[in-house]
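Heads up, the next two complexes both have chain A, just with different partners, chain B and then chain C.
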Partner chain A sequence: MALTVSGPPGLARPSRGVVRRVDLLAQAAAIAVVLVVLGVILATTRYNLSARGIQLGLDFLVERAGFTVAETLLPYDPGDSVLRAMWVGVTNSLFVSIVVGVASTILGVLVGVCRLSPNPMVAGLARVWVEGVRNTPPVLLLIFLYSLWWQVAPSDHAVALAPGVLASIRGLAVPKVTTPWSGMDLLLLAVLAGGLAWLVARPPRAARAMPRPFLAGAAIAVTALAALMLGLDGRAGIILPRAEGATLASGAVLTPELFTILFGLTLYTTGFIAEVVRGGIEAVPKGQWEAARALGLGEASVLRLVVLPQMLRVVIPPMTSQYVNIVKNSTLALAVGYTDFLTIMGTIINKTGHAIEGTVLIVVVYLCINLTISTALNLYNARIAMRGGR
Partner chain B sequence: MRRAATTLLATLLVAAMAGCSPPTAGGQSAVDKIKARGQVNCSGSQGIPGLSRPDEKGVWRGFDSDICRAFAAAVLGDATKVQFTPLNAAQRLPAVQTGEIDVLSRTSTITFTRDMSIRFVTVTLYDSDAVIVRKSLGVTSPAGLNGKTVCMQGGGSLVETALSEAEAEYRMKVTRVYFDSTITARDTYFAGRCDAYITDGLAARSQLATVAKKPEDHALIFVGSGVEPNGIAIPRGDDRWYDVTRWTVNLLIWAELNGVTQANVDEMAKSGPEQVRRLLGGDPAYGKALGLDPRWAYNVIKQVGNYKEIWNRNLGDDTPIKADRRLNRLYTEGGLMFPFPWD
Partner chain C sequence: MTAIDPMLETPRRVLRNSGAAWRRLFDSPLNVALSLLVLAAAAMAVPPLFKWAVLDAAFLPATPQTCQAHAGACWSFIVAKHSQILFGIYPLDERWRPAIVCVGLIGLLIYSVRPSSWRRGLLVAWLVMMVAAQVLMGGGIFGLTPVSTALWGGLPVTLILTVVAIGGGFPLAILLALARRSELPALRVLSTIFIETMRGLPLLSILFIASIMLPLLLPAALVPDKLVRALIALLLFAAAYMAEVVRGGLQAIPRGQYEAAAALGLGYWRTQQKVVLPQALNVSIPALTSTIIVMIKNTSLVLVVGLFDLISSGKSALADPTWRSPAIETYIFISAIYFVLCFGFGRFAESFERRNKVSR
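On to the complex of A and B.
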């Protein structure tokens, strides 16, 4: 090797400088090899693609989609563009992920706490739940629940599960509440209320002299006025569910497909979150419990004020991966007939023949969603993490 | 030093792994690949009796499957050398594009967009779109489906277009429930989740005949334009494979028209009309032009039969499906099937 050795000869180990240079050389070589390999892959792919007559490009995104989607949150028509269809799919997937995320977090905390209950019945049931779902493939659970629906729900009429709740093989109907506000109005109002609440919590310097209750009252008044103005032309009401045979004719109808994916994934994820929560609680030193009890706090207060806040620090990283898993598992909707992003992309690929671009888009979209979740939770984690020696 | 060594080792490993997957020869025809491999890779469906479905022994049976066997007989001289891969509607085009299968023979309608991404070779049968509906609903025409729930396969299958057309034509609206497999869609319909189930006409007939517990409780309604030209497809840019597949299907129809059957093919090859004798091996020019054995046509008919035999074996009166050949009859019998001349 043409390396200049800076140290005196006869040294048992090469000097630091030499080591560093060899390291650098090796790394440069590694990068070069990786680049060459990537280049070869790219060239081969391009060669094979042209040999098979496949042309790459994203032009198809603006073409007419031309297919229908069964259930959508956003208005959608087959005449819309492929890009619009993709967006409809993303919102459908996000909807499932968010509902499952919220529901399984609440349930998971409850079940996790129950796992530690001194009552053997409660702890045992929680354990059955956790072990049951942790050791079965989620797709099996979903298909089981979905076929259970066909077997149990009546196919020729609807049954009232509770006043105002009807169930049949066609789905679950609950009373539909119509507000005088459109979805956009509600979003605007929520943003307004959120902004004002933040201002009240941290008033700007000019308003700092004013009493808090006055500020809060003003904020509520502004929001109420905005709500009134936006809702003047609408009507509020409740539409009760009604059935014609097994068909659910009115009310808010949850199809068996959507119900299965929401219920099944919540059931599944709750099992994992419960374990994370249990681990988190057990990670809080016993002394903390004893100290809190010594202060005279009740069991519920000990949990709420002392243990859960400390647990949060431990559970955020594993919870992040649970939330990411929810988004990934939402693709199992395919198995039970709910149209999520992956299903829509499958249709797009089949209709347009752009398999490579379609697959890359699938990866990109799920990466974006999951990286956003990870980044947000990591930021939160950094904020609540214990600092220094405190 | 140690770290440097590790890095080098890792690099070498990556390089070695890359070397293990040599670039596939894109210019090679599927015909050569099939000969080298000793088998034809063909598509299967998710299980439609009469078209393509594995039987109790795991052997794929059906019209579409037998078309694949004809290709194996033509290229390899052995109709059994076919590997079937079950594919759903969304998987089939990429499977052809990437070369995972050599030929797509699985209830695929020939359309412009599809033909731009894979290469459709020829029509193998003319199908239609049909809705299976419970008789108790009293629906007798597509218009009666207004407000009803329809189970169907998603993934851009052509029945969806037919349903949309019917909606526009009769100014109605149906609720759709999509599944990734037409089999799941069928099962959910039979369980009562939907009022109706829409699929291809032949598939609908076969599902009613073979799967429905009480076929008399269900009715068939035809929707859409009435004709779905189903064809076989191969990757684009492979003229040799195109020749073989196109003329093998042609052979099946030609054989029916000329009365060449599995039973009489030996006799026909010896003492049939001149044109028949030439094609069945008397004139090696056919095989030579296609790059096949001189007896390729004989092998196909001997091992698989002609078009009519394939139809009768899988869909005809000897089967529970008892499908009407309608447009799939020979042109001499009022259908649309005719062979191109072998001149």
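On to the complex of A and C.
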């Protein structure tokens, strides 16, 4: 490529006109190459499609899906539309991602702190965990756990792993919490609580004179009242798991497939988040702790006012990519037979033959989810980065 | 102050530290509690595991009967099947060929981590290695029996996928990174779209798309076989990730370096080649190392598009009905191989990095 531009001697940059023309040429060439490649692909695709008698279009989305999905979060049956099946897949994937995200964040902080423990046994154990998952493929971990489940889980009775947790070859049963609120109610309450929290954090001018605790109390009271009114007719309770032989009769039952993907991905991601947390803690110099203590701040204030703000600034960007990774790794559900979005799309493409539309939908859905996560966390990051100053 | 000979200093420091380590286990109530907790967990977990893995385990002779006679782990299966797990369904009498390929690839990979070996000779060595790998694996000349790619499997496939994805992806990654930092808007936008799309999608979906879309997108004569389709997907994926690493390195180069190069009258490509890239790549070695480890792990995903990598060849070995299908033992064996590969590679790169830092 002839991008090399040598200017007249004595000038730091070659004269502008020359650069412009060469640059324009390079860009035009790049665009032309992309267009030609796209054109060739488009032409052959059209030829291939017409040779196979496939019509492009999204009509298939409203047709009957006609396949079963082993495990769904939302009600679904084969008579539902393809679109509904896709939505079921998205919720399954998001469910796995959210549970793994929350669990591995909590565990990751714990393991990351353990990694820096002065106690060599605790630090060593945390290190084994981290190095183990960082150096083996996650899909192998999942397949390993899955076959371990089938070899170890009892096939004729259920064992109590912990109070309220039963396991048998059929799966794992945990206590099921029933709330008096429907999903819609919970969404409404979450929006209300979020809005009120925003108002408390940035009170309007009229309320600015009031003390913060008073505002916070008022917000909590309003939310509680709304929750009470929405939930008046429902019943709250906890259904404990119960087993008849190996059959798990009540409680929330996770199939071995779902349990494997949740447990395996949490094990895996925890190792990575622990490293992020460790990096964040180590990034705050010891002098900051000492200086804050010298100012007479209590331990909690030192942590909240001095250490955490600096740590978060280091930790948020790598955490963002960890959360995106969780969504991406949730596709490994395929390896153990849990039906996530990608599996469902594979079934849809196989059944309907709409490979191109299906592919575009896969790309769009994953990009939407991942871009939402990274945009949200980047916004948060921009805020704390500004507050921290530099 | 008198200089203390470091050789004399070492033993004393080791002694002091080992004493401290023991004391650090029990120096505060919290630590005592934690230590006791770990010890209790170990007391509960270790004896049964040891019993399973060693005391009750079946080793030799490597027959199904040995496993039936023992209650513990069935290592006899690994002893009997290790060659099938490592090399898949490659013809039995020819397995020395993939073995040589594996040793050669690992050796060259380790050698290539050190920047001091980054010369033109290394590129030639890699090209020779790739041709040799193709000749050895595929056969057909020099009197070697031809073996079709459908029969390739196990560790050599894992290594070839890794090496080609990284080796082929790296030049592409440099171009993408330069384009993304370029002042030319068209190049910048195109490369950003490519990188962000690749990084936003799960590798599994990319492999999946490559395996179903390429036959539709290309004329029938040009559609590559399964191995090559997976290779293309892995290569593009690796390129996008490495491009971001290289871009990080490029950002670390101070403006003055560009200005100095411009003052010397160097053009764009000469500036990049002689001034910017050598420094940028040096900065990004640690991140590149971890990307390479991630790619080694990622190759395991090709099993979902029906290629015989290490995990699938392990699975097919397990399908032998004369054994009682010791899946746990097999997956432990495969994990150990991956662990040695990734951990060893990471450790080696790290030790080199440390030496590099000292020498600077």
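In this section, the second predicted complex is superposed on the first by the 313 of 390 C-alpha atoms of A that agree within 3 Å, B and C clash if a C-alpha of one lies under 4 Å from a C-alpha of the other, contacts with A are read in each partner's own complex, and residues count from 1 in each chain.
As a convention for this text, a residue touches a chain if its C-beta (ideal position, glycine included) is under 8 Å from a C-beta of that chain, and two chains touch if they have at least 3 such contacts.
The shown structure was predicted, so the numbers you read here are calculated from the model rather than taken from an experiment.
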Contacts of A:Ala355 with chain B and chain C, given as first, second, both or neither: both
Touching partner for A:Leu148 - first (chain B), second (chain C), both, neither: second
Touched partner set for A:Leu215, first chain B, second chain C, both or neither: neither
A:Val363 touches, of chain B and chain C: first, second, both or neither? second
First (chain B), second (chain C), both or neither touched by A:Ala335: both
Partner chain in contact with A:Val139 - chain B first, chain C second, else both or neither: second
Partner chain(s) touched by A:Gln27 [first = chain B, second = chain C, both, neither]: both
Touching partner for A:Leu377 - first (chain B), second (chain C), both, neither: neither
Which of chain B and chain C A:Thr347 touches, first, second, both or neither: first
Set intersection of chain A contacts, chain C complex versus chain B complex: 23, 26-27, 30, 34, 41, 44, 47-48, 147, 151, 334-335, 346, 349, 355
Residues of chain A that touch chain B when the two form their complex: 14, 19, 22-23, 25-27, 29-30, 33-34, 37, 40-41, 44, 47-48, 50-54, 66-70, 78, 147, 150-151, 155-156, 169-170, 246-247, 255-257, 334-335, 337, 339, 343, 346-355
Residue numbers on chain C that touch chain A, as the complex places them: 21, 24-25, 27, 31, 34-35, 38-39, 183-187, 190, 197, 200-205, 208-209, 212-213, 215-220, 259, 262-263, 265, 267-270, 293, 297-298, 300-301, 303-304, 311, 327-328, 331-332, 334-335, 338-339, 342-343, 346
Of chain A, residues touching chain C in the complex: 1, 3-7, 9, 12-13, 23, 26-28, 30-31, 34, 41, 44-45, 47-49, 117-122, 125, 131-132, 134-141, 143-144, 147-148, 151, 324, 327-332, 334-335, 342, 346, 349, 355-356, 359, 362-363, 366-367, 370-371
Contacting residues of chain B [partner chain A, same complex]: 1, 3-5, 7-8, 10-11, 14-15, 18, 23-24, 26-27, 89-94, 97-99, 113-114, 116-118, 149, 154-156, 160-161, 164, 175-180, 184-185, 188, 191-193, 195, 235-237
